[in-house]
Structures are given as structure tokens and as C-alpha cells.
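The structure appears right after this line, and notes come after that.
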Amino acid sequence: MNMAIEAKSLTKTFGSVRALTEGRLRVAEGEIHALLGANGCGKSTLSKIIAGTHAPSSGSLRINGQEVSFASPRAAEDAGVALFYQELSLIPQLSVEANIFLGREPRTAVGAIDRKAMRAMAQKLIDRFGEAVGPGLRPEARVSDLQPGERQIVEILKVYAKNPRIVIMDEATAALDSRQVAVFFDFLREKRGEGVSTVFISHRLAEVFAICDRITVMRNGETVAEMTVADTTQEEVVRMMVGDIHRPQKRAAKTGTATPIFEVRNITGARFHDVSLSLAPGEILGLGGLQGQGQSALLRGLFGITPLTAGTLHLEGRACRMRRPAQAMAEGLAYVSGDRVSDSVLQGRSIYENLLAALVMREGKLWLSPRQMAPRLSAEAASLKTKYAQLSDAINTLSGGNQQKVFIARWLATQPRILLLDDPTKGIDLGAKADLFALIRDLADKGVGIILYSSEESELLDNCDRIAVFNGGAVVTELSGATLDSFHLTRAAFGES
Amino acid sequence: DTFKIGLSNGWVGSEWRTQMIEEAQAAAAAWADEGTTVEVVVQSANVDAQGQIGQVRNFINQGVDAIIINANSPTAFSPIFAQAAARGILVIATDAEVSSQDAIYVGIDHKEWAMQSAKWLAETLEGKGNIVAINGVAGHPANEMRVAGYREVFAEYPDIHVLNEANANWDQAQGQQVMQNLLATYPDLQGVWVQDGMAAGAWRAIMAAEKKDDIAATGEIRKDFMTVWSEENLTSGASVNPPGVMASALNVAVLKLQGREFKDDIFTGTYGNAIYLPIPFVSNENLAEKLSEAEGKPGYWSVTAAISPEEAAAFFK
Amino acid sequence: MRALLKMERPAWLLAAAALVVLVVINGLVQKGFFAPMVLQSNLTTFLPLVLVAIGQTYVILAGDIDLSVGAVAALVNVITVSVMAALGGSAGAIAAGMAAGILVAVACGLLNGLLIAVLRLQPMVTTFGTGIIFSALALWVLPQAGLVVPDAYWSTYGGAILDVPTVLWILLLAGLFVFVLARLPFQSWLKAVGGNRSGAFQSGLPLTGIRIKAFVLSAIFAGLAALCLTGETATGDPLMGQSLGMGSISAVALGGTLLSGGVGGAMGSILGALLLGMIGNVIYFAGLPYEYQTLVQGLIVLAALAGGVVLARR
Amino acid sequence: MSDGLTSDINARPWQTKALTLLRDPLTLALLAIVVMLGIGEALSPGFARGDQIVRLLTVAALLGIAAAGQNLVILSGGAGIDLSVGALISFGAVVAGNVMNGADAAILPAILAAIAVTFLFGCVNGIGVTVIRIPPIVMTLGMMAVVQGGLVVFSQGIPSGNAAPALMNFINKPMLFGLPGILFAWLALSIAMVILLRRTSLGFAIYAIGANEQAARLVGLPVKTVRVLVFGLSGALAGLTGVMVIGYTGNSFISVGDQYMLPTIIAVVIGGTSLAGGSGGYVGTVAGAIALVLLQSLLTTLHLEVWGRQLIFGATLLVLLGMYGRQQAPRV
């Protein structure tokens, strides 16, 4: 078996943070190899070292048997290595085609960009995803106008446009829906056929077992196990990654007809129209359907981030309007976004401040006393098992998943009455996910109303009392009770009711 | 007759310039009494030399009869003045000399201006002592001429030592700061040669250091300063660069436009195109008199003087 | 029409529209505005800022800023003039002077680029600092305004080549350059570097080289502007060009380029610079009392910017 | 690792602490100050004398007060920068001069008038930036032209007044412990700034908006209001500086504030505040202002050609900047 990647004893420290203490990875030519581990265990760091984005502190790396030390991502690319970046490497201001071919644009005889060729090539790549993407994903569209899932697809296409022999997919499916994942997997299989090696990082174990050949598991910056998929089970892998976790049972559907805590009548906004929903206290309402059918847009509209152009909102029977997030917060709403980089992170500030953010306006205090606030906030972060050294560290010293936990804790601290969750588990490991849903159920039991959108079907099915399925910006069906299963959900998602 | 005269000013950072334009406008209006209509158009803004060339172009394109300019550069205007002259437009520079042979200069001789006050300082110090100089913007033509002037004078007094020369960019507050630093560095200082508005700042620093009785320093001609000068009994003297120079230039321009010819050997100066105006001097002797002239004027008002049309006629055949 | 506005770069069109409006107004208030002589003389006034704004655009697209352009222009001016004067006024001396000036500009751009892209110093304060250094060098080379430029140089600049005014040639060539560069991958890379620096790095772009090239381009255009100023003023002046720094930034913004980087283009900056120049003209020819000229100019610039931004959002 | 979360910053081992201290912009600026004082004293004895230092601090106070506003604007991010501070200082000085016109009794009204007017101008900056979305650098540049133009119009025929004696004493004469009043005012302002930034929700909002405007909006912070307020405060602090400047110079003139425009930015950046917004603080700015004024005076006292002084000034600026004002490397 020829080894495409052979990483040995790679280490990486950031200042005083030891991100990677013993990074080992052996990927054979033409295999799809899963790299698994809890949040912050060093997967992205290891990937970035292999792709030339980070310089390792020590250790050795062989690509196709050659000892290498890449000075830049460009050098890695030249050796046939391409990385899908967890936080994406797209330029929001540029078009989709410009992003896909950035740095390797097709040129005309005189050296100018061959726009025609570029457009055609981009279109061909996009067509691979065919029906699974919306009409918004065109070669000339600006990336900043795309939805998160579409951006993720552009990043995927960008990786393959480099014709790599070795691909690292760092949570490439985090915002994809089932149909898009299916197309993506076809892609992976085809590439496997061509002898391309793939490292597949995901927190969705089902996906791993569906597509991967072998698995490497990491824990606390260290590689702890290597095995073939055929020889193991999901339970075993989970135990290796995070120890024992408490897997919640499917939630017993809530019954009873309390007066709705939140009611939405015929509202319309950007990307959704004429949506009516009602939420009982203690209920967990799921928003289902394919990626980008208006679910996130609805949540953002409800929280006053984007304007509603028609319809009414009622809180406990009282009409209200949400024109700004501040107004929504004052009514007891909270919104957890799945888009960390643009919606959540206070870059360069401390973990403490990132936790504090939502409390500042919620409590309306002019005077902020860390002595008083810090214990409360750290307790909130602890309830999600957030891993960090000290509150005063900068937020960017945390791994992606741990950051997301901080942002969820930020909102839980406001003790909301209605919690809007917009793909909140994006990038969160299984252990944390279990903790999060346990917590959400607790909140529901205390009477908090919860609306959850998730790109992962099983999260909805396991946790929701009801699922409103979206297609084309409108609710096509509501599933509950007997229809609350994967079969009905998938059928409804594709627009058949 | 009717003449249209363009006034170009490239810096609006001081009231002296405002007063300059106002006096020129008043002088133009006064021509009505003599039966001559003088219409002035003004362009005044913070621009660099190139921007001011744009101002001149606008005047040319508009077809004025004469242009009077307080130029931001001595040399940069030569091509554009040549164009103006080719169109028969009279160009007069004032306050700052220009090298162009297509223009004439009507204003004071800045070198002489500096020499007068330098002489006053040297004589007040009885030809000996340590002095410092505080100058305007380095590289600016008026500044360089003035520096040349005082250097020439002090060179004649072997016992006067110029310890340091600093720049405070014609800014009063900077003048004060620079003076503070110089006072701290040179405890044994008898004289200061400083120009324009910076003098008020320098004097403030001198007074703050309680050295006003030990130091003689040049002053300036704004009413505000002269009031302090008088109240505090300072030992000071100031050459006057009257804001009326532009009015004088305007009177000369109108006479020229009326078709009169300059006397043959009237032009002097480095570039041979200058008519120098007299430079009044304010010292402790005539301070009271100048202050009474300033009665009822705002604090920023400067001692002024302008050549009347009759006096200007003396330059012509 | 709306689709057209929404398309590539609306602010580009808006600057053009505003320019048309100002040209019409100017045509009304200034008789003879459209006479070839007058047009040429106006273009001569605007040209240096147009050139500097073009170079500034590339730096700004890459997410940086260059405050030193004015000082670069001054330094190039005094170097060019000094070299011409030292070598006598022959055609060879003229060529040598121009070449020396542009070489110095390249050196200035390289210094900026090295400090900012390699040593990673903050661009605004760095170029302010290097600007002070370049001014100091200009003062050292030529302590005060003076020296004359060979007649052939400035009369060619002020005249015509093949019956087309030289300044128009320069504008056309600059426009051609802008047009060509906009079609090369390089401009796309600049935008990538300015739009998302780490993304651009992760995409394999040579960040350092790209940023250095932008600063060198900016300095070269400042140098070209200095050559124009030299032709216009026929002299050396160490204090020349001080308004070019802020002026070029305003022009770039007026032309629809985002000052935060990543969006825009130099064609808009050309229009923005012409627009700024026209504003000055209109104010004067509208017969405004002089005390109000600075005030009204500031107000119009703000109004033009506000209008551009508001319309661009539609 | 997930408990003991209340760990506080003081719990670090001393080595790390020392290292952090060495990298701290504040320490570096202080170091630079000490070095420059040393050089000054060596080259011209008397440079580091007590009373001279007091005078330098007085000048630094003027810059420091104006830079406080600049600091807030820069911290609040969004390419925030205020190029109109110089013009607003002039405007504040002229307004204050006219209102007090030499009368001690009119000092308070003069301060209030100057601050009120410049606060309004600052708010207009803020509205232009937030509501109309003009980039700050251009908005404030335009405002600078408008204010300067306004001064030319305003100063027509109106005598620009004089400072009241009490105000001049406050700035130029010792008040307590041999220090002039303005230094105490500056100290008070500094304490207020630090408290504002570290302990109040407004300060939190300024950092948050500077770090990520969208995120700040999503947590309900009134982004536009804060930004308008920050520009307003910058204007008001410029106006206050104007009042102090007229106390320093005795009378106002229309370009009195011009020289402060760029130095406020430099002081802030030398003090370790990132021009990208969201990180930094005022203590560093104080050190930055002092270092800058010190550098300028040091150069004045050196007997050099002008170009030599400028060269050293520019080069020192770059060195100071290089000590900490460095951007992150793309590859770590």
C-alpha cells in the first residue's frame, strides 16, 4: 500500500497553547480516511500543517513518500495537496468563478483572464451539484450573496478545481443537507476511483461510516487510534473520541394544548413567504427541509435581523414587532447563529467578553463588574463542557467547536423565553451535541419555547416535537406524531406532501 | 472703464490672508469714486501650487484683465503666467515673489523685512549675546528669503551667536512649544528672532518661563500681540508685512490697465521684476501710536499700509 | 436599467453620471467651457490627481492605503529636475531625468511595500512616516523651489503630439493601462488580498509580492504625476504635491472603490478625480463669494459621496 | 479543564507575565520615553529637568485629550478614523474665544458652547458614517473642509476673542504640587477613559462593535447609536482641546488645531490600538502622546538641518511602529 500522507510526531504550539502534541496520520493512496475527534483535539491544526498553512513546531511529514516541509499553501498545492478550510477560504467580494479559480485563472494568449473559459469551467463544476443547489449559485454570483451551504459548495469546487491528488475535507459537510451530501459523496467516490486520497473530517458519524475506508481518532492533540471502518462500530469510535456519552432517547412528543407562547401569522421576508407557525411553551419546533429553503431566513426575520415585509407576530397572545435584535431580546428571544465568523465571534476579544456580549443589553446595566459576571458566565460555559484555559484568553485560541459553545453559552446566559437555534451544532462534536440537546430539553421542560433549524436530519427527528418542513421559502407540511420520521421528512423536503 | 481683476490666494489658514483680500476688495471699490469700475473675482482655498495654477487657469479661461496672486511657489507659475501674458493678461504677484518674467511683483522685500528686525535685535543686544531663530515652513520661498536676510545681518556681528534654528511652520502654538524647548535647552539666551504669528507663541513661552525681562525678541503686528507687548512692557520690535500689499498691487494693476507705462528703471529684486514697497517697523517707540490705529479693530487685525492710487502713480511715467 | 445598475459596479456609473451633471452645469456657468483650449487647460489641472488616484486604487483594493504619494511626487519632481539641470537641457538629459525620477519612485514604492508587506507594519501610519522621510529627502536634494526645466520638456507637455494635446495622450494611455490591468488576474488577486487576506493566502496567492507590487504601482503613478507637475510648473519644488495624498483617497472613494479593500476599480478613480476637479471649477464659475468656496466645496464632495452611496444601495 | 473557570489573569506564572509585559505596547512606549529623555539629557543638559518635563506634559496633554476621542473612534472599528479633529479643535478654540473673550466668569459657558458645537459636528460625522454609510476617512475629510470653510465664514468681522486669565493660568501656571491644572484634568480624563472602556457597557459596546459589527448587532447592541456617540465624543473632546489650546496660546486663530490631526492618530497607534478596531486602550495612547511630543521636542533641540530632523522623525516613527504595531503573519 503506497502512503499518500505519512505524518509522524507532528506538534504545534501557539504561544503557550499546545494545540498538537503527537499528530500522526497515515493515509493510503486512493482511500477515504476519516479523521475524528472531539472539538479542539487538533484536527484542523493537523490539516493546516499538511496543507502548508501552519508551520509545524516539530515532527515529520511525507507526501507520496517524499519528506516535505511546505513553506506556503501554494507549495502544498504544487505537491497536489488541497485543503477544504473549516472556516472557508473564500473572498466574499469576488464572484463564484473568480473564487474557484483564484490564483489559477485560465488565460488568453495575451495573458488576460479568459472569462469565457472560466465561466464555462465554473458552470461545469456547479452542474455536478445539479439540482442539489439553488438557482442562486451561478458562476457570476458574488460569494457574499450566497447562503452558507452554497458557500461551502463553492469551497468544495475550489478544492477540486486544483485537480489535487490529496484532499483534506475539514468539516465540508457541516452545512450541507442530505441531498447535497449525497452528491458530494458521489464526487468523493469518483475521485477515489481516480486514485485521489481524501481525508474526511466530520462530526457526523453516520457519514463517516457511509463513505470512509479507515479512521484515525485524535484526542487532546494526540492521535490515539487507527482502524478500518469494517472492524469497528460507531459506539466504539465515540468512546475513543469523547469517552462515554449520554445518548438521548428520542424525545417523547409533548402533548397538551397550552396557549401558544409565540405565534407567527402569514409573515413574509427575504427568501420566505407567507409562513404561519405557532409555538407552545415547552415545545421544540423543528424547521426541516433541504438547505437554504428559507429556514435560516425565517429565524433571522423573527429575531429582527432582516425586515419582515408582511404578517404579524404574537407573543403570548400580544401583538409585537421585531425590528431590531435589541427589540427581540427585550421580548425574551435569543438567536444562536451557525455562522460563527460573521455573526458571533468578537475577534481579538477575550472569552469573557465573548460570553458577556448578549448579557450587556439584556440586563441593561451600565456598569459591568467582572467579579460579578465571570462566575455566572463560566458556569454557563461549563454546562456545555467548553474547553478553555482561562476566561481572559483571546477567543481565537479556541477551536471552532469550542468557540461555538461559547456563543451558545452567551445566549443561554440571557435566560431566554424563546430560543431560536439556527444550525447551532455546526462543527460541534458528539459529546457537546449531546450536552447541548440535553440542555435544550431541560429548557423546554422549564417552559421555554424553542425553534430549531438543523441541517442534520437526525437532530430534528430526535429532538423536535413537531417539524415544519420548508420548500421554496414556504412551509409545505407539518410533521408530528406518526409522521415524524425520516421517510416523511425526506419526502416533504423534496416538495411532496 | 471697467476692469475685471482676479485675486488668487492659496492658503486660508490665517486672518492675515482674510484681511489681505478684504483690503484689496475695498481698494477696488474705491476706484468707483474715480470713475473706474473695478470688478474683482476671488479664488481662495487651501491648495498647493498645482491647485493654485488651476485657479489661474480659471481666471484665464474666464478672460480677466489682470490677475493678482499671492503665490504658493516662486517658480512653479512660470508656464501658466506665460500663457496669461500671451493672452494679454497682466499678472502681478504680491506678498510672495515669483521668478516669472511675465509677471511683476508688488510687495515687500522679505529679505529686507527680516534684515530690519534682525538689525533691531542685534542693536538691542548691543551686538553680543546668544540667540535662537524660529522659522516658518522649511523650503517655503518667503521663509528661505527671510532666513537669508537675518543670517546676513547676524553674520556682521561676530559676538552674536545663533545657537539653533528651528521650524514652527508659522503656527502660533508650535512657536510656543518650540520656544519652550529652546528655553529649556539654552538657559543662557538673550535674544530670539522669530517671525509672524509664531512670535506671539514664543513670547508666551518666554513670559511663562519668567524671562521676559532678560530676553529681547522680535514680535508681530497683530493687535492682540501688540496689546500684550504694551501691557507687559516687552522688549520687542516687528517689521510690518502689511496685509495691504494686495490692495497696493491692485492699485498698481489698475493704473497699468489704464494704459500707463512703468518708469524705466523701476524694477529690482532677485528676478528683476519687483517693485518693493516700504516696510514699516513697530518698536517700543511707536507702539502706542500703532495701538491707537488699531482702536476698535478685532484682535486679529494686523497693522497695515497700502499704496494709494496717487502713490502708485509714482511708479509710472 | 435597474439590472444594469445592480450588475458589476454601480458606483462606477454613478461617478460617471455625477461627472456628466457637473460638466453640464459647468458648461452652463462657464461660457467657452467646451472650447478645446479650455478643455485642455482643465485636463492639465486634473491630470496629476487622476494619475495618483489610479495608483492609489491598486493599494486600496489590496486593503492597504498609501499616504506617501504626495511626498513621492515631490521627491520625484526634485530628482527629475536636478538631474535634468545637472546634465544640461539636452533630449538625453530629459530622458535621464525622467528615468531617474521613476527609478526613485520605484524605490519609494519598494520601501513602502517592504515595510508593510514584509515587516507587516500598519499601512496608514507607515506611509505617513515614509512620507515624512521622502519629504525630508526632497528638501535635502533641493532645499527650496527653483531650477528650471528644459523648454523642450514643458512645451511638449503643454503642447500637442500628432495634433492631440499631450495631456490627452497621457490620459488615454493611463486609461488603456487601467483597462488592460482590469483584465489581468493580478487585479483579481489584489481584490482577493484586500477582501479576505487569510483566504487569499490559503488560496495560495503570494500575499507579500502582490502587496509590494501594489505599492510600487502606486509610487510609479505618483512619479508619473510628478513628471506631469514638472511639465506644468517647469520647476522643482520640494513642497509640491502635498494635497495629492488625501485628494487621491477622496477620488478613489468617489469612484466607488471600497476603502476597506476588495471592491472597485481604477476606472472609477479616474472619474472620481475628474469629478473632484470639476467641483472646484463649478464653485468658482458659479460666482460664489470666496469666503464660501472651501465650505461649499466640502459640502458638495460630501453630497456627491452620500448620493453615490445611497444610490448604490438601491 | 472545564472547572476552576474563575481563574483570573493574575494567576499566571511570573515568566509568562514578564514576557507579556515585554510585549506590551505600553511598556514599550514607556521604554521609548525613558530612552528619549536620556538621549535628550545627554545631548542638551536640562532637557530632562523637572519643569521642562512638566511643560512637555502640558503639550502632551493637549494632544492626549484630542487623541482620546480619536481613540474611541478607532476602537469602534469599521475603518473608523476622525480626520476632522484638527478642524474641530480650531472651531472649538474660536467658539470658546468668542464666548469668553477674556472674562473669567465666561469660562464655563465657553467650554460648554465649544463642546456642544463640536459634539454636534461630531454627531454629523457619525450620522454620515452610519446612516448614509460614507467611509469615515472620507466623511471626516469632507467635514474637515466644511469646518475650515465654516471658520472662514464665521470669523468674518467677528473679533476672535481672547482666553480668560484663569484659563491661561490653569494651563500654564502650577496649581498643585508644582503641576498645572491641565495635567490633573488629563489625569481625570484618563481615569474616566479607562473606566469607560473596561467597566461600562458603552465601553464594552465600543470594543464589540470594533471587533465584529454584525455580531454586536445580533447581541442587541445599538451599533449606530454607539457609533454616532463615539464620533460625537471625538468632536466634543476636540472642542475641549480647542478650549485648552486657546488657554495655552492666549488667543485663537483659524488654523490653530491643524497640527493635531495626524498626531492624534499616530499617538493612538503608537499606543497599541489597532487601526482595525476592537483592540487597544487609552493608557497606551497616553504613553503614545507623551512619546510623540517628546520626540518632537528632542528634535527641536538638536542642531540639525530641517531635512535631518524630518528624517529622524520619520524613521523613529517607523521604529516605534515596528516595535509592536505589526499585523499578524498569514502563516504561523
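Think of it as A, B, C and D in the order they're written, each chain with its own count starting at 1.
Keep in mind that, in the parts below, a contact is a pair of C-beta atoms (placed from the backbone, for glycine too) under 8 Å apart; a residue touches a chain by one contact, two chains touch by 3 or more.
Computed from a predicted structure; not experimentally measured.
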Chain A and chain C: spacing of chain centres that average the CA atoms, whole Å: 45
Inter-chain centre distance, chain B versus chain D - centres from mean C-alpha coordinates, in Å: 34
Between chain B and chain A, distance of the C-alpha-averaged centres to the nearest whole Å: 71
Overlap residues in chain A, where contacts from two or more other chains coincide: 53, 72
Touching two or more other chains - residues of chain D: 148, 152, 156, 274, 306-307, 309, 331
Multi-partner residues of chain B (at least 2 other chains): 12, 46, 138-139
Arrangement of touching chains [line / ring / star / complete / other]: other
Inter-chain touch pairs (all): A-C, A-D, B-C, B-D, C-D
Of all residues in chain A, those that touch chain C in their complex: 51, 53, 72-74, 77, 83, 85, 88-94, 98, 102-103, 105, 107, 111-113, 158
Residue ranges of chain D in contact with chain B within the complex: 44, 46-47, 49, 51-52, 55-56, 59, 148, 152, 155-162, 172-173, 245, 248-251, 253-256, 258-259, 296-297, 300-301, 303, 306-307, 309
Complex contact set, residues of chain B against chain D: 12-15, 18, 46, 138-139, 163-164, 166-167, 169, 171-174, 176-178, 180-182, 184-187, 197, 200-201, 204, 208, 224, 228, 298-300
Residues of chain B that touch chain C when the two form their complex: 7, 9, 12, 21, 41-51, 53-55, 57-58, 60-62, 72-80, 83, 99, 137-141, 144
Chain D residues touching chain A - in the complex, by the definition given at the top: 1-3, 5-9, 11, 16, 199-202, 204-205, 207-208, 211-212, 214-222, 274, 278-279, 331-332
